[in-house]
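Following are the structures in question.
Consider the two complexes below, in which chain A is the common component and chain B and chain C are the respective partners.
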Partner chain A sequence: MPEETPRPNIVLWSLLLAALPAWLGLDAVSVAPNRIVPGSGHSAAEVAGLPGLVASLVPALAVLWLAWRPTRERLRLALGLVVAMLAALPAWLALAAAELVDPALPQARMGIGGGVWVGLFLLLLALIELRTRLTLSRPLGWALLLVPLASLALCLSLWLEPLALRREYAGRSQQFLAAIGEHLLLVGSAVGLSLVIGVGLALAMRRWPRARELGFAVLNFLQTIPSLALFGLLLAPLAWLSARVDWLAALGVSGIGWAPALLALVGYSLLPMVRNTYVALEEVDPGVVDAARGMGMSRGQVFRQVRLPLALPVILEGIRITSVQAIGLTAVAALIGAGGLGTFIFQGLGQAAMDLVLLGALPILVMALAADALLGALTDLLRPGGAT
Partner chain B sequence: MIDLIHVTKRFGATTAVDDISLSVAQGELCVLVGTSGCGKSTTLRMINRLIEHSDGEIHIDGQQIRAFREETLRRRMGYAIQSTGLFPHWTVARNIGLVPRLLKWPQARIRERVEELMTLLGLPVSEFADKYPRQLSGGQAQRVGVARALAADPDILLMDEPFGALDPITRETLQEELRALQGRLHKTIVFVTHDMDEALRLADRLVVMDQGRIKQQGHPLELLREPADAFVESLLGGEDRGLKEAALLPVSERMLPLSPRLLARERVAHDASLREALSIMLWRHAERLTVVDDEDLPIGELSLRRLVGAKAHE
Partner chain C sequence: MSEAIAKARAGRAWWVPAVWGALLLAACLGMGALEGLFRWVEPDSRAVIYARADFLTLLGRHLLVVGVAALAAVAIGVGAAVAVTRRAGRDFLPLVAQLASIGQTFPPVAVLALAVPVLGFGTLPIIVALLLYGLLPIVRNTLAGIEGIDPGVREAARGMGMTGGQLLRQVELPLAAPVILAGIRTSVTINIATAAIGATVGASNLGDPIISGIVNGNTAYVLQGALLIGLLALTVDSVFARLQPAGPR
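Moving on, here comes the complex of A and B:
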C-alpha cells in the first residue's frame, strides 16, 4: 500500500523527551570509597566529558527524528537504535567505573543513579511501543531483549566489578542463589497447592450452588486481610499446632518460617484461582455442551474433551495472575523468616544499603515479568482453534 | 419409528408439555410448530433424554427409551441445533467424526465416512476438512452440524431450529438440500421450527403445539384446509393460507392438456407450484400459461380460472 506521510509518534516523542532531561540532569552514577560512606553523585557529562555526552545524545535525537515521520522502515531503524542504546548502557557503566572508581581502594564501589534508571525504564517502554507499532510477535520482542542482556552479562563479568550491586552480590553469592531457590520453591508450592485446591473448590461450587456464595465470601474476605496481618494471625495457631503435633514439628512447621508463609500465600492465591477456574468452566458455550451431550458423550467425556479444553486458557490466566501475585507477596514473607529474596530487601532497608535492596528487588521483578510472559504465551497457544 | 404416548413434562410447578401423544413413522419428516415457549424443544429433547419425561412413555422402534443407556440412545440419533454446537477447538473433520469416534469405529472408516458426508453436503474436503468452526460462514457451519448429526448413519434425526439463524436465501437452499437428502436417506426426522413456510415446505406431518398441548396434527394440506380452531388457522397464516396452500401444490396437478388454441406466450415449469404460476400471471398480466416439461417442451396449459377454481373451497 502506498504509505502516506504518517503523523509523528507521540509516544516515542514523550518517552525520549522525558529521558533526555533525566539523563542530562540527574546523577547517572554515584561513587563511594566503601560501603559505609554515602556516595558522591556524578552526572553523565562528568563521566564522559562533553564529547561523550554528545555521542550519547546522537542516537536519541536520531530516534526523535525517525519518530517524526514514522514509516515502517524508519520505525525499524528506530528499533535498532533503541536496542543499541540499551546494549550500550552496560558498556557506558563500565566506562564510568574505569573513569571514576579508584582501583587502589578495594572497597570502592559505584552505584547506579537516577539518570540511568530512568533512561533504562523509558528505553524499555520505547522498545515495547516499537514492538507494538511494528506488530512484532511476543517471542521476537523478547529475543530483541537478549542483545542488551548479553551486553550486560559481558560487562558484568569483565569490567563491572566495582558496581555496588555486584559487590553486594559477591559478598553473598551463595545466599543469593539459595534465596532464589527458596523464593521459587515457595511460589511454586503456593501456586501448585492453590491450583489443586482451587480446581477442587471450583468443581465443588459447580456441583453445589449453595457452596458457591459461601466459598466466594470467604475467599474475598481472605483477600482483604493485609499480608502482614495474616502472617501475624497464623503465628499463634501454627505455634500451638507444632507444639502439639510431633510430625508437624518434625516437618519444620512453626509459628514463623515457611509454614505460615505458605499458608498465607495459598490463602491469597485461592481467590484468583477459584474465580478464574469457576468462571472458565461455567462460561463454556451452553450450545456446545448441549450438542456434546446430545451426541452421546458421557459426562466425563464432555468434561475432559469439551469443557476443560475450552476453559483452559482462562484457567491459565488464573495461574498467571496467581503466580505474579505470589512472586511479589513472597518478598513480604521474608519478614517472618520464610527466606527468599525478600531477605535482602529487608536487610538492605535495615542497613540503609539501597544496593542490597536492589539485589533482592531486581530478581523479583524479572521473575514476575518472566512468569507473566511465559504463561501469557502459553495461554495464547492454547486458545481454541489455534491463534485467534 | 418414534411413539410418544401420553407424555407429560413438568418443571416444578409449570407444565411444559402436557399429555401429548404423537407417532412418527419410519421415513417420515415430522415438523413441530407453535409459538415461543409452547414446548417444542422440550418435546424434542425428551426423545433423546436430554430431558427426562415426567409421565407417559416414549418408544423407539417399539422399545421404551428408558431401556437404553442414555449415551447409547443418543448415539443412535442425530442431533442438530440452531447454535450448531460445533466444538470450536476441533476441526470440521474431527467435529463430523465425533459420533463414529464415540462408537469406536476404526480410524480409516471414520475418515472415509467424514469425507463422504462432506461431499454429500457440498463441503469440499480439501477446503474445509482442516478449518475450525470460527472460520466458517453461518451456512457452512450449519452444513457441518447436519453432517455431524448424520455421521453414524442414525435412523432418527432430531433437529431444533437448525436453520433458524440463517438468512432467507441460505435457509431456503438448506431446506431444499434437506428435502433432497431425505428423499435418498429416508430418515425418521423430528424438526422444530418457528418459520411456517419452512414447516409447510418440509413437513410430511405437521404438528401444531400450544401451551404444551398438541392442537392439531396431520399433513400440511389437511391442516391448511381444515384448521381445528382459530389458533391453528392464524398460526398457519390466516388470510395467507390460500397462497401457502398454492405453494404446496404443483402446476401439473391442475393443468389441462394442450388445447388447439394458440400457445400462451408465458411459460411455467410443470413442477413449479401453483403459487409461482399465480405470481407469473400477476407479473405478466397473463390469464393463461403454457406448462412446459424439463426439456422446455409444452405439455399443457393452465388458466387463471382453472388455477383458482382448482382450490375447491366449496
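Moving on, here comes the complex of A and C:
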C-alpha cells in the first residue's frame, strides 16, 4: 500500500545491523602455509587497515540511511548499493590475498572466514528483501546476481589463486569436470526415465482407478525410505543379479556404482512425477474438453491438443521438484560408488579437508538453485498460454 | 466409496504404527537370530552381525538427534511463522516466506556438508544442521496454514471479542494444525534420512552399520543398517499418518 511518508524498513535495518558486528568481529579470512596446517584467522582490519575498514562500512551505512525513509527511488538506490557490495566481496578477498598471503610460499592458501560468509548471506537476504519490496520480476532478480558473479569470475582468474577452494580445484580440475558430468548424467537419466514411466503410470491410473490407491501407496512408501537405506537395500539384490545374469554384468550393473543409484533415484522421482501428471490431467476443466469434443475432435486429438498443453505447466512443476530432489540425492549416491560431486564431499569429510567439501557442496547447491530457477521460469512461460 | 472410507479408517488405526514399531524393536533385539540369513548374503566375512555398538543404542542415538532437532525446529519454526503473521512482525513476512521456499531447494546433504566446516565433527553439528533444514517445511506450512484461513473467520472471532492471543490459540492454530502437522511430517522424514548420512561426519547412529559396511565391503552390515533405518522411517511416518486428519497430504 503506498503511503505518504513510508515507515523505516526494519527488515533491512535488522539485516545490516546483524551484518556489521559479524563483519567487524569475525575473521575475514584465514591463511595457512600449506594444506595440512590449520589456518590462522585475520580480521577485516588486518585486511584493509583502519581506513580501508571504515571505507568498507560506508555503503552499508548508506543503505541504512536510505532504508530509514524507503521511497521507491531510495530503495532502488539501496538495491544498487547492495549489488555493488556483493560484487565487491570477491575484490575484498583479492585484497586480502595480496596483503596477507606470502608470495614466497607456493603452497600457501587462504580460506574464506566467517565474517565474509555471514556478510554474503545477509547481503543476499537484503537483495531478496529489496527485490520483493520493489516487486521486481524473478528473472530480473537473477540477472542482478550476474554482476557479482562476473566480479567473482574476474577475481578468480586474476588474483585469487591462493584461495583454498581454487587450490583444491586446480589439483583435480579433470576429476571435477568429470564429476559434474556424472552428476548431470545421473540426474538427467533419472528424471528422463521417471518422466516416461511416471506419465505412463499416471495414464494407467486414470484408466484403471482401482490401481490408483495401490500405486500411490507404493510410491508414498518408497518416498519414506531414507536414501542411504534404499541404496543399501538395493546393493545385495543387484550384486546377486549381476553375478547370475551375464548381460547385466556386461552392462556394468553391480551392487555398487551407477545401477543402484539410478534405480533408487527413479524410485524417489516417481512420486512427485506421477502425482503432478495425474493431478494435471485430472484437473483440466471438463467444459474445455466438452467444447473440444463438440468441435468434432477425436479422443486422441483432445488428449494431444487440449489436455496435454493445459496440463503441461503442472507436469513441468513435477519435473522441477524431481530434478531438485535428484540433484541432492545423487550426492548421497557417491557413498555407493556412483561418482558425481558427492565424491568430493565425502572425500573431504574423510580427510577433514573442508575446502574439498566446499568444492563438492557449492556446485551441488548452485545446480539445485539453477534447476529450480530455470524450470520455474519455463513453467511461468508456459502458463499464460493455458487456462488460469 | 465405503471401501475407501474403511481403508482410510484402517490407515488411521494405532495398530499400524504399533506393528512397525514392534518390528523395529524386534529387529534391534533379535538381529542375531537372523545370522544364518546374513551368513548366506555374506559368506566370506568373519563377522556378519554388526557388533561395534548395540543396535538399540544406535536407534536411541538416532531418535535423540532427530527428536531434539525436530522439537527445536517446531518451536522455532512455528514461533517464527506466528511472529511474522502478527502485525508487529508483518514487515518480515515476505523475506521469511521467500527464504523458506528458496531454502527448500538446498539439498540436505549440502546443508550437512556445509555445517561441518562451521561447527565441526560430531553430534552437535548434525543436530544444528537438521534443525536448520527442518525449519523450512515447518515455517512454510505454518505460514500457508495461517494465511489460508478465511478472513471472514478471523473477522467473526474478533467480532466475538477475542483478543489477539485467543484468536491465535483458539482459531488460527487449530485451523492451521493439519497443514502444520504435514510440514512437521516432511521435516522429520527428511531428517531421519539426513541423520543417517550424518554417520559420515562422526555421529554414531543407525547410519553407522551402513557406512561401515560400505567401507569394509560387508553387505550384511549394510543390510542391517538399511533394514533398521527403513523400519524407523516407516514407524515414525505411520505415527504421523495416524495423527493427521484424513484428506490429501
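We take it that the second predicted complex is superposed on the first by the 380 of 388 C-alpha atoms of A that agree within 3 Å, B and C clash if a C-alpha of one lies under 4 Å from a C-alpha of the other, contacts with A are read in each partner's own complex, and residues count from 1 in each chain.
One rule holds for everything that comes next: a contact is a pair of C-beta atoms (placed from the backbone, for glycine too) under 8 Å apart; a residue touches a chain by one contact, two chains touch by 3 or more.
Note that this is a predicted model, so its numbers are computed, not measured.
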Q.
In the overlaid three-chain picture, which partner chain does A:146 touch, first (chain B) or second (chain C), both, or neither?
A. neither
* To do: State whether A:374 touches chain B only (first), chain C only (second), both chains, or neither.
  => neither
Look at A:293 in the shared chain and tell me whether it touches chain B only, chain C only, both, or neither; answer first, second, both or neither.
first
Touch test for A:309: chain B only (first), chain C only (second), both, or neither? first
* So, does A:285 touch the first partner chain B, the second partner chain C, both, or neither? -> first
Chain A contact check, chain B vs chain C, more residues touched by chain C
Query raised in the report: Touch check for A:213: first (chain B), second (chain C), both, or neither?
Result: second
| said: Let me test your reading of the model: by the given contact rule, A:228 touches which partner, first (chain B), second (chain C), both or neither? | reply: second
Residue overlap on chain A between the chain B interface and the chain C interface none
In the complex, the residues of chain B that touch chain A are 45, 48, 50, 70-75, 79, 81-89, 98-99, 102, 132-135, 145, 148, 158
In the complex, chain C touches chain A at residues 4, 7, 41, 91-92, 94-95, 98-99, 102, 105-110, 113-114, 116-118, 121, 189, 192-193, 196-197, 200-201, 207, 210-211, 213-214, 219, 222-223, 225-227, 229-230, 233-234, 237
Note: in the complex, chain A contacts chain B through residues 285, 287-298, 301, 306, 309-310, 384-386
The residues of chain A that touch chain C in their complex are 9-11, 14, 114, 125, 128-129, 132-133, 213, 221, 223-233, 235-236, 239, 255-256, 324, 327-329, 331-332, 335-336, 342, 345-346, 348-350, 352, 354, 357-358, 360-361, 364-365, 368-369, 372
